[in-house]
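Letters are used for the chains, namely A, B and C, taken in the order the chains are written, and counting of residues starts over at 1 for each.
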Amino acid sequence: MVYRLSELAARLGMPWEGPDDPEIRGVAGFEDAGPGDLTFAADRRRENGLDGTLAAAVVARPGVPSPLPVLRADDPRAAFTQILALYAPPLARVFPDGRHPTAVVDPTARLAADVALGPYCVVGPGAVIGAGSRLGPHVVVEADAVLGERCLLHAAAQVRERCILGDEVILHGGAVVGSDGFGYHPGRAGLVKIPQIGIVVLGARVEVGANTCIDRATTGVTRVGEGTKLDNLVQIAHNVSVGRHCAISAQTGISGSCRLGDGVTVGGQVGMADHLALGDGVKVAAKSGITRDVPAGQSIFGYPAIEFRKGFRVVALTHRLPELFQRLARVEAALGRRREGKDD
Amino acid sequence: MVYRLSELAARLGMPWEGPDDPEIRGVAGFEDAGPGDLTFAADRRRENGLDGTLAAAVVARPGVPSPLPVLRADDPRAAFTQILALYAPPLARVFPDGRHPTAVVDPTARLAADVALGPYCVVGPGAVIGAGSRLGPHVVVEADAVLGERCLLHAAAQVRERCILGDEVILHGGAVVGSDGFGYHPGRAGLVKIPQIGIVVLGARVEVGANTCIDRATTGVTRVGEGTKLDNLVQIAHNVSVGRHCAISAQTGISGSCRLGDGVTVGGQVGMADHLALGDGVKVAAKSGITRDVPAGQSIFGYPAIEFRKGFRVVALTHRLPELFQRLARVEAALGRRREGKDD
Amino acid sequence: MVYRLSELAARLGMPWEGPDDPEIRGVAGFEDAGPGDLTFAADRRRENGLDGTLAAAVVARPGVPSPLPVLRADDPRAAFTQILALYAPPLARVFPDGRHPTAVVDPTARLAADVALGPYCVVGPGAVIGAGSRLGPHVVVEADAVLGERCLLHAAAQVRERCILGDEVILHGGAVVGSDGFGYHPGRAGLVKIPQIGIVVLGARVEVGANTCIDRATTGVTRVGEGTKLDNLVQIAHNVSVGRHCAISAQTGISGSCRLGDGVTVGGQVGMADHLALGDGVKVAAKSGITRDVPAGQSIFGYPAIEFRKGFRVVALTHRLPELFQRLARVEAALGRRREGKDD
């Protein structure tokens, strides 16, 4: 994939300027860009460092002086994202068109004509897969599961029975949608498994990271709303409801029956106790442990998580505990000396 | 699956009462139940709210007044669990009977006649699988592994060579039993891998969550006792021994050679240093980090984990550090004023 | 696998002594060793306990008095590691020679003649696999990926398109190399996916644990250096660079664009904020959360992580907060009494 800068400008409908019209052979971050690369400058530091880059051209805001050929965009980062897509390998290189002859599709499954199935895919009885969806090698779609249109399921992703995926859902390698919730009750001979007969429903444009697990509901639905993105190795327990347009970072765990609003942002390795409600727009700092409901718009940190600035202040003061103990000891000594009549 | 309430009562051997005998089309939690659903009331709040539910019928304790048709059970939750099983899809819808023609079974493996194998299962040389066990698509049972009777292995679960599973073990999707322990020793040219030649033994009725990993022992056995349940994304390191009837929540990690007693309960995202011993009945709060042995029956919290109530008190006081610094500063100021003769 | 002690001595080039030359049927840790086993004594306590073991023979340092037949080694642990390899099952029992007829290899892939492919392996177009590499069942190597020589990929490990593995890399079951990085930017209709078109490069002798995930770079390379070992369920985000000979324990997460030097040791469940630099030889205690750069050679602990001894001192003092509040209250009371003229 090689484009002249003028071609990129034409495809994206952006103006360009420059002493010449270089061939752009690749795209790279500002610090890594070499000859032939296009890069972007989205902040003052990079805008002032344009004469130091080896890149062939740059995406920059209008008016930023550039010694290099330049594509003009009000939001260089967003423009760069569009250009990245032009340099991605074609989808059919990774998800070839058609159904590989080794794919096992139950005769009662209903697949749109153009669904792409990689080697050794398994599609169970009663499953439905919408137009334009592509399944990589070893993907498993179990009985009666439903996938929308233009979904991408990477190698060995699995969707268990009766779960439902909206349009344009992406599952990364090894993701598990619909595993049993972790539900038992104590019996005479040990823990008794509570059958998990609910399902998982993922809204449109949900993305699920590699080896992330989403448990089916005990009864009813475990739900992830439209546009929400889950990173790798995330755990979503049974009967959780995550709202729309949330971003949940790697290795976070959400316990049973939690309810997250829309636009919630959660850092990595966060944990939540069960049955909590987080309002719209809540932001959770990495590694926090949430033990109570959080009102909309609040930012939180710590374990138990509290308001963000207070949480950071507490931690900073924790680091001053050695000083605190010393100061207290001095105070005690001073009082003791007075008590003994030795003060001053 | 539709049953009349009277049929459910007959199947479970429970009394029922009601103005009519409704058809029960589904089962649902108290808050989610709609028309046609059976639900249950296991606490005072729900018992008092029976006139607010849309459910067709309810499971409740004897004597609880009910405007709805009611199934009577001393333990409504346990009764509901039994009923859930009646509404689960039949096992053969998810794990069809028989051996799929694409399953690859080594001629030296020994499988009971009724073992069910999904598409693309692989069973290695010398492996043994007991009667009534069912393997989903893409399950791998490697050389010389042994599975008991009535095991359920979901899609892409894997059991590595020579590992042993008792009867009625459940492995969820992507679970790995028998990966190498993380053992190296420093050599001249870097870390030298210590061969991990031990095995994993899972007792009867162990359940292993999706994408959970259990490492084989360096020598000897990594053991998980009868009836113990592991949630998703749990890490069990080499030479660990977990007792019977334990419950270990998602994303917890147990380091090498730890020994857990029976009936241990561990919250999510807990970590344990290596070579620790936890006695019977220990309870560990979520996100704790355990750095020393824990006597039987103790509940612990924090990092390093300490006795539960003390740990929570410490955390609560941590949140009062800003106040503490202010109070100390006032004390210092008061003493300073005195020292300078300005007090009072 | 049974060897006489004298045979082991000859194979390893070590001296042996003993009243007899026993058959060694297995190898075991000091506490677990039974009759017929070889064990090792690498510390004073075990050296003094040799008359208490049931083992048939022991590896011990020269000069340590032994009532048992003994193999002499300056480093008994290292010698024992070599012996473990002799008792491991032959590689071909787990990774049979040859290409299983069900392996799907694209005609444009280039594989060395002796590459071993398990059942249902999938090797995509343009992929390259070096001599002596062995792939277990269900391994996926996607388009244009490159594997070096003598790599071992366990069941269901996957390498996504264009990623590169050096020689003697080991991937454990379910490991994902090359999943998309977690990159989005806010758009009018929600989060917009930033195409992740970079790759992953793993150096020689890298080992990747079960269900560990390594994300491809947005542009450029996510890199793990030669000889580095990653435990199970680790998350390596896009554009991270891990140096050589590092050891990263289970469930640790490294956020985007972090740079780790050589010989870095990281405990389990550690998290790192993005864009951090850790110098050579840094040691990170388990469960730490790293929020700033760390100079070479430093040991750190806590969240935010600080110098190790200071971090442990802070935690110890945290546990004394109840005492601190009591002491402060006493001081305040004493001052109050004075202020009211009631002191002494």
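Simple rule for what comes next: a contact is a pair of C-beta atoms (placed from the backbone, for glycine too) under 8 Å apart; a residue touches a chain by one contact, two chains touch by 3 or more.
Because the structure is a prediction, the values reported are computed rather than measured.
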Inset, instruction - Would you mind reporting the rotation angle for the C-alpha fit of chain A onto chain B, rounded to the nearest 5 degrees? - result: 120
Inset, instruction - Please decide if copies chain A and chain C contact each other with the same set of residue positions, more than half shared, or with different positions, and reply same or different. - result: different
Legend entry - Cα-centroid distance, chain A relative to chain C, in whole angstrom: 25
Legend entry - Sites on chain A at which at least two other chains make contact: 102, 120, 138, 156, 174, 211, 233, 251, 269, 318, 324, 328, 331, 335
Legend entry - Contact footprint of chain C on chain A as seen in their complex: 26-29, 32, 77-78, 81, 84-85, 87-89, 93-94, 100, 102, 118-120, 136-138, 154-156, 170, 172-174, 205, 207, 209-211, 226-227, 229, 231-233, 244-245, 247, 249-251, 268-269, 286-287, 315, 318-319, 321-322, 324-325, 328, 331-332, 335, 339
Inset, instruction - Using the touch definition up top, name the residues of chain A that touch chain B in the complex. - result: 102, 104, 120, 122, 124-125, 138, 140, 142-144, 156, 158, 160-162, 174, 176, 179-180, 182, 184-185, 187, 189-195, 197, 211, 213, 215, 218-220, 233, 235, 237, 239, 251, 253, 255, 269, 271, 273, 289, 303-304, 306, 310, 313-314, 317-318, 320, 324, 327-328, 331, 334-335, 343-344
